[in-house]
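When the chains are written out, they are named A, B, C and D in that same order, and each has its own residue count from 1.
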């Protein structure tokens, strides 16, 4: 059996392998290229008008009257902030509780019941959440607290529910990544379950939990259809929780279909602001989770 | 033609900054069973993986020196690695049947080498399983999963699997470390039978196994060869004190 | 072998799809785009028209008046639909009035306020009157609902009611007549404006300056909030676009319009 | 007393955590039951197979089902090869380094971009610049870009969980890299990869913001890749928001929920099989 069999064949295969490697590299750059193309197009469409009218009048102007060439995005920027803060105020306590219960308190059977339910939460289309807001939450707020019902409060609650899956799944990962020896050590020292969570697990999983909150924030900032349905979309800084509010995303979606000329450019400029916010959040989340990976 | 099949000259293997094999010189003779013994992390497995260049798959792998198989340096730039690995078949410490049927496990290598015809494959599978000493036990369930076999059967399946590629050398990396005595015995029997057609290198952490089946035995320590010689000599009158100490269980 | 089979399959798929890959605007499709106020009626016309012209595809897209006009200018559609008058550089297009539409100021049916002066409406939407009380209603804050910037309905309302005054920033803003109607129908304190044709039993249209929002009052000029619905085209409409516009303006087409609550032009 | 304090806190904490968790679960169950209770009575064979009439006031939702399926199929056909290919490259063909870091960073950033940005982008590139118009093609391409990061991540996880020994065995039996990938790694990772694809199908079914600006909202039955088509989610959005027909809105929502439930069950089933295989 000695001697070369099919000597050339193997070499040809190897050359094929090099070609395949090259092809895969090209494919692997698809995600990066898409990101790049999106950036180029959004920024390319959105920034000229910002230069034309000045960044200050865009970012700090409080009047949004495109028909009068007034493109102040300040109310929408503040609106996005308010709604996101509200969503976090609701989503984070619920989300972290679920994560802790899932990893520390629930029996295997209960976990098996709760986990799919929460995964299901992530799959429900955002329009369905928005719809639930319209038919249940908005009338409830209007009857109970007054005002139009379409409000910061309604948007915060619905978005708070919508960010739950993100917050839960990433916090669960972070909590599970804490080495079991920490947990055992703490219990061995006589700490109760809750004390262990509070004193040992939370600090150990902190960066992962922060990452989960930041990613949840990204989801809340970026959500569009649900917000548009329940926020009321008034282009004014809301004076109370019950006042209507317009976010950056709703500003785009609300007027995109109809806009032409500079109005459309201004909506792309809105997109640019949103894009920058999201990229900053992404980068922070990436950095915290990278730190987490380095320091186990 | 001399009876030297593999010559290793001044061979060192690095992974990043770590040197696992240090200036190794060793000859392997045709149609012998060369036993390699030594304590854990003495470079035995790394040595086997250098012979069929599996080390290439590890990040930061580089080497010095030469390994010459049948007159050709296997690290020469024009060497076909795929072809090389077919010539030096390898059995790992833990049996790893692929998640497919017994038949397909054995036929795997032959298919990759381009065998397509069913009757040809059938013959190869049967022949290999017979040589591996497994045919009788599985002939009525060739289509069931290879992972459903017992540990010993799995390891013999792995042996049969490399025979199907028609190698010249068989490299075994502690093939019986997880097996019961009966399975171990069956594998050793197969090896003795296979010797006449193949050159076999057997890494083992069980010195008695080397004593039972190896023609010659090499003792590795800290990534280097301490000594090599006829098995009987190594076990009874080693030249080096460290060999003696190891065999008497003073370390390792 | 297997690879070759996959490749063949893929190729076959591509070939199968390619004859289906007609470019928009080509072939026998007539594309209308623009005002979402006109869209439902255009859909209706298209539905009926295609029954008698089965090989004649009519594709109705929304997008809003301004977008429709732009699409028409750029040739992306043959007919642009506008629910406001043309202005500025749009005036080089040819416009045909295909119907007229009243704008109704609507409130919740339970609202005791039945009639307003146009000047009151203007003050409400400017944010100067914040409560229903001075208007004869309960002491509740008014929920003002408007359409978004760029909408033809908002454009018409701005022109007919507001003049140079801005609609105030705190007004709830929605992007369709239907949504405005939904919100007004659900909020007892809300007021909004929608196409008269879309007023139903869920909302009540207010009398303005003493005239009820009826076809009759629009016809005799007593109800002032009226806007034209326009079909615009580059140059005189020809071919399929002409056929369709002729159908819309025919007795049958206009009868359809009347049934849906718009005002015919003939 | 000192012994009692922590136990009281412990009890309160446990009660609080459980309460919040149960509320979360209850909210979800409520949403699903609410939609199903009002939507299921509307459902019938005809609802699924008849085209919408009168803006969706009457008739069924057939054309929107077709539109949804067409968009999803197109998006997955584009995104799956790219995503799995990227995952293969990242796991099998590289040992890290700046290129890998750039690719990973790109995928992670893409995952965080809101769908409305994808919608804007798809609108400007496919609908206007490339002149595809509002069409299944524009919508499918946009959706494909959106799904890409999900598919990359899940495929990468799946491929990473294939035992490294399989690769060693395959190589030692004289396989080339590509043979090892296609004959050993991919078959073993398949359930995990399919799970990711199925998940992304779920995501594209529910997507609204990205499709409404790229695929348009025409209610006619799409006849080609260049037809505009309304998806079920967009149809539901318009029906509900403009108050066109509440029963039909609930019916459409019920279909959406059932589809999502089905998809989750399927992924659950696939994932379980996958996990059982490798643990």
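In the analysis below, a residue touches a chain if its C-beta (ideal position, glycine included) is under 8 Å from a C-beta of that chain, and two chains touch if they have at least 3 such contacts.
Predicted, not measured: the structure shown is a model, and the values here were computed from it.
Chemist: Specify the chain with the shortest distance from its C-alpha centroid to the centroid of every protein C-alpha atom present.
Modeler: If we average C-alpha coordinates per chain, D lands closest to the whole-structure average.
Chemist: Which chains, taken as a pair, are joined by the highest number of C-beta contacts?
Modeler: Most contacting pair of chains: A-D.
Chemist: Compute the distance, rounded to whole Å, between the mean C-alpha positions of chain B and chain D.
Modeler: Between these chains, centre-to-centre, one finds 47 Å.
Chemist: Distance-wise, how many Å sit between the C-alpha centres of chain B and chain C, to the nearest whole number?
Modeler: Roughly 80 Å separates the two chain centres.
Chemist: Please work out the Cα centroid separation of chain A and chain B, and write it as a whole number of Å.
Modeler: The separation of the two C-alpha centroids amounts to 53 Å.
Chemist: When the centre of a chain is set as the mean of its C-alpha atoms, what distance in Å lies between chain A and chain D?
Modeler: The mean C-alpha positions of chain A and chain D differ by 16 Å.
Chemist: Return the residues of chain B touching two or more other chains; collapse runs of consecutive numbers into ranges.
Modeler: Touching at least two other chains: 82-83, 113.
Chemist: Multi-chain contacts only, two chains or more: what residues does chain D have there?
Modeler: In chain D, the residues touching two or more other chains are 176, 179, 241.
Chemist: List, in ascending order, every residue of chain A touching at least 2 other chains.
Modeler: 10, 13-14, 257
Chemist: List the residues on chain C that touch chain A in their complex, please.
Modeler: Residues 36, 62-67, 69-70, 141, 143, 148-151, 155, 158, 166, 168-175, 183, 186-187, 189-190.
Chemist: In the complex, go through chain A and note every residue touching chain C.
Modeler: Residues of chain A touching chain C: 62-68, 75, 138-139, 142, 146-150, 228, 232-236, 243-244, 246, 254-255, 257-261, 263.
Chemist: For the complex, which residues does chain D have touching chain A?
Modeler: 6-7, 9-10, 13-14, 16-18, 20-21, 23-25, 27-29, 31-32, 34-35, 81-82, 85-86, 88-90, 93, 99, 102-103, 105-110, 112-121, 123-125, 145, 148-149, 152, 176-179, 199, 202-203, 205-209, 212-213, 233, 236-237, 240-241, 249, 253, 256-257, 260-261, 263-264, 268
Chemist: Show which residues of chain D lie in contact with chain B when the two form their complex.
Modeler: 95, 163, 165-176, 179, 183-184, 187-188, 277
Chemist: Can you list the chain A residues touching chain D in their complex?
Modeler: 10, 13-14, 16-17, 20-21, 23-25, 27-32, 34-38, 41-42, 45, 93-94, 97-98, 100-102, 105, 114, 116-121, 123-132, 134, 136, 161, 164, 192-195, 197-198, 215, 218, 221-225, 229, 249, 252-253, 256-257, 267-268, 271, 274-275, 278-279, 281-282, 285-286
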